[in-house]
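Please find the structures below.
Two complexes are shown next, each including chain A; its partner changes from chain B in the first to chain C in the second.
And now, the complex of A and B:
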């Protein structure tokens, strides 16, 4: 009788254990990630849509069970563009045992990059400053760096300049590491044969009027201005050039100035700010714009609609940017899972570094594949040139990879 | 020579917009001795109200501009009534701290709207071809901005010099107790000063928004950018704000035009106004036109 009772109890216990275990298996794992982003600071016009893109794609991953029964959690915290707040957010995320981290500003990325290495945490940053990667192994830039973008634009200037005169270029930079980042590489490209003359490098202030600068450019024969900054100062400059009648109406128009810009200097928001003065602005990024119709852009619009976002946000390249960084993270998690190994920082780091060649990732939100390796942590190398016409940025030509950037990387 | 005159014209344009932006500080300080640190936020609010009325409600921009001045007039008056009136007689530092709190509240409220994290621009309603004379160009936006600025500054100058209410406000500024003893309602004067500052801020916001586009950070930063203008001109002088604004505008343009890009110098337009500020304050601690009060004990 006693043996029978013990047997029944053992069976019941086993049943409970199996039930508990299977429930746990059914519930799946939870992977935590952290994102510190500027939602209410100086660049909230960029950070806000970026954070919403990331938030929506995480919801989509969980709703559509893209990771099976596993759940993705993304902690999004506002850092208001302040490095000290970013550091506090990062430390809080570490306490939550995150497996991957998304950082935002150039300043905080530069300040925290040693921490990323010390914590051995793979980090994807919204700052595409090439200098971020120096002395830091765990950092990944989702797309081509500002340096690659600026050199790519300079190359475009050379390839499309009409006339035999010396090509005179000025750079209009944000007064920070973010702005100055590409200057060194543009100079290196000139040193190895890029035939342009860099006449002036201007770090802008909070100018209300750029008349003096634009007149100076004109007197020095500057025909092209490449901007590496955020949209508001570019908008003020473009409005100034329009009012002075100095903006080129066609590419490279003699005696006038053609304006070009890197990722954060342009995009639909620039048209939002500058209105008709943005017409004829040339802009490069590795992201696909909503005007470039395709499966990626359709999916982005559907995602925005599904989670109740308005048209302005749905069409923002910063919303795309936010989606894309989560796409990369999810792909890395999916690949680690496929190998039946634990999804942790070390395995995600290895998987991100193996994302190249046949294993490159095609997120459809970019104009080329995302490829990282142990020696190259700049994601999408391909750039697309866009031009503002009729209040919209249109694709100009096919996506390209900068020749001089490849030379500089060798 | 046309380069020189172009810089002069641009300097006057920029300077007069600085003066209009600084006017709100002066109006409040002149009557209540309070420095309103939330002034930049009120400038931004004025610009956003104009945009919302024009684009979302569909009212013509000129009427929206006037309406937004009216709305900020009453909003600023309400702010004074709700937050600041109960601080009459309290130490000035307490009132200034309240304006810092106000700054955070307005920031928070604006971040709850699309304007907090979006870029917008007013519909273009002025000709795009600039006005050009003797090789000097000025855009219609800038020209209209300067005209509005001088109308407003002229109006306020007349108001303080000739109208009964304006004289009452100056009296309160001079001596609150003496003003009360002759029947002036000090709380009403304070409310009116805030309202007038709100009105001028909306005008500044509308003009700035037309020049830079509508970006919250850029617009509210103007509250701080114009601070040297207010200090150089004298915190309680409208005329001082105009003169200092134009001086600053000219210094910036000449620095950018003649110093930047030469002798390895850049960014002098940002630094020079502060150097001038320090030099002026060294010799005139109350600003160029600020009142130096002598107290006899």
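And now, the complex of A and C:
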């Protein structure tokens, strides 16, 4: 009798053990990632939709089991655009044993580069400054760099300028490493033959009126202004140009100024801020806009709707930006898993570097494929030009690659 | 002071020497030694994450900086809102070496104690120069002069190609007796280094205030004409107060550069100067204890407000500006409330607690 009881107990115990193990197996692995982003700081109008895009896509990945039974965890922390807070967040994430990290500002990316390399942690940054990649092997830019964007815009100016006069261009920059990022490469492109004259470089402050600057531009014969900053100062400048009657109504209109801008300088939010003054603003990014219907844009709008986001957020290119960086991370995890090897920093780093050629990743949220290699860590190389018309940004021409930046890379 | 230094009660002294003692009673000394032992031992017992070690190290650096500001503003009565720039001078002294010789040059990585002292000396020289207007200016006008220095510092760094226009300039990993300090030991090592600096400089301040040079500062603050009549040199004293503040700030700047392994412009802006001033005010102007508790209180408050702002930012995205405004709002509110209700700062609470125990069982 006693033996029978012991046998029953052993069987029950074994059953419980098996159940316990199988539950663990079913629960799968948990992959942790960290994201430090400006939610309440100087660029929160960009960081907020960016973080929401990332957050929603992680929810989507887990809800739809895109990684099977494995779970993705993304820690999102506000850094208020401060390097010191970013560093603290980064240390916090390392304690959580993250396998991949997403950084935000140019200043903090430059400051933490050495940490990324020491920790050997693959990092995708929201800063597209080409200089981030110098002396750092573990950083990846999701799309074409600010240099590619600014030089690409200058090339467009050259290709479409009417008249034989020397093309006079001014640059309107954010007073930080982020704003100054592409300036050096624009100057190098001019040195190797880009036929423009860089008349003036302005680092804006918090001015609410740009009349003096615009009048100065006019007196110097500036016809094109390329902006590398965030949207609010661009909106102020555009409104000023409109009220002074300086804004070109058609591209390159003689005696007027045509305004152009890189990724963070434009987008639907700019139209919200500048209203009709944004008409005729030329803007470039590697992301697809919600105005161009397609599978990627439909999926983004559905995602925003699914997680209760408003229209403004759903249509923001920075929401797309946030989604895209997680798409890249998830794809790398998926590929590592497909090889039946451990999802860790080293394997994710290798997989990201192998994301090229036939292995390039097509996230549908961008105008070209994401491709990284050991020598090229700029993701989407192609850019799309958009122009604001009727209160909406419309695609202009086919996606392009900056020729001069390609020359400079050689 | 009573002959029995264990059971001393009340404030009365039988000799001038007794009044000048660093520790009035043996109990005071024991408490202090106990506190020191605790400060040295706790990291060996409790495993603290790098994040919190970074926070603690930053608080200790702020204490070093506020020692200097408290000497200048609290003891000498010269208000400065350019203190972050002085800290920046110390940090950029290291950055200069890093730019000229390379961030991993032996001077920076092996002779770091020397570099910390050198940064302090450079800070003192610049402090002395910036203090020259104090020979002619007083009160608000002097505040504007220190503000000008802050602005000049920011402008110079922001437009200097040599300093990479304020972008982060890397400082290499330092070496200890055991070799290169690895990432895992980094915050641990700097905790002890900064703690030792805090203790040494704390004693230096305490001793300075017992000397004629320290009493000169207080005399000039209270009435510079009377001090002049008593044979002191008010002008020299004011410049020397600025140089002292510059030294402390320079040391803090060098420690900052080593701890963060880089020097970036954004750590030495005007709002940092105001933060240092807030630390001195909230801690208690003109008290050594205030220089210690002020940075702890303000930096902990900042962390709490940061978490609150983040929470608000996550859940009320449409009112992101409210989240952004929370920090300066709460920060300003704390300073105003302290100025209104406790102008002597947290140090006064400490004084009340000490008095209570000192007088116990009597009420006064």
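In this section, the second predicted complex is superposed on the first by the 391 of 410 C-alpha atoms of A that agree within 3 Å, B and C clash if a C-alpha of one lies under 4 Å from a C-alpha of the other, contacts with A are read in each partner's own complex, and residues count from 1 in each chain.
The working rule: contacts are C-beta pairs under 8 Å (C-beta built on N, C-alpha and C of every residue); 3 or more make two chains touch, one makes a residue touch a chain.
All values reported here derive from a predicted model rather than from experimental measurement.
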With both complexes overlaid on chain A, does A:119 touch chain B (first), chain C (second), both or neither?
second
Partner touching more residues of chain A, whether chain B or chain C
B
Could you tell me if A:175 is touching chain B, chain C, both of them or neither one (first, second, both, neither)?
both
Thinking of the overlay built on chain A, is A:85 touched by chain B (first), by chain C (second), by both, or by neither?
second
Now for A:216: first (chain B), second (chain C), both, or neither, which partner does it touch?
first
Based on the superposed arrangement, let me know which partner A:110 touches: chain B (first), chain C (second), both, or neither?
second
Looking at A:45 after the superposition, I want to know if it touches chain B, chain C, both of them or none. Which is it: first, second, both, neither?
both
Applying the touch criterion given at the start, work out whether A:407 contacts chain B, chain C, both or neither, answering first, second, both or neither.
neither
Contact-wise, after the overlay, does A:389 reach chain B, chain C, both or neither (first, second, both, neither)?
neither
Those residues of chain A which chain B touches in one complex and chain C touches in the other
39-41, 44-45, 48, 175, 310
What part of chain A is in contact with chain B in the complex they form?
39-45, 47-49, 175, 200-203, 205-209, 211-213, 215-216, 219-220, 231-232, 235-236, 239, 242-245, 269-270, 272-276, 310, 312
Report the residues of chain A in contact with chain C in the complex, numbered from low to high.
39-41, 44-45, 48, 52, 76-78, 80, 82-85, 87-88, 91-92, 94-95, 107, 110-111, 114-115, 118-119, 175, 177, 180, 310, 313
Within the complex, chain A is touched by chain C residues 49-51, 54-55, 58, 158, 165-168, 170, 183, 260-262, 264, 266-267, 306, 309-310, 312-314, 317-318, 320, 323-324, 326-327
Over in the complex, which chain B residues touch chain A? Could you list them?
3, 6-7, 10, 13-14, 17-18, 107, 111, 114, 116-122, 124, 128-130, 132, 137-142, 208, 211-218, 221, 225, 252-254, 256-257, 260-261, 266-267, 269-270
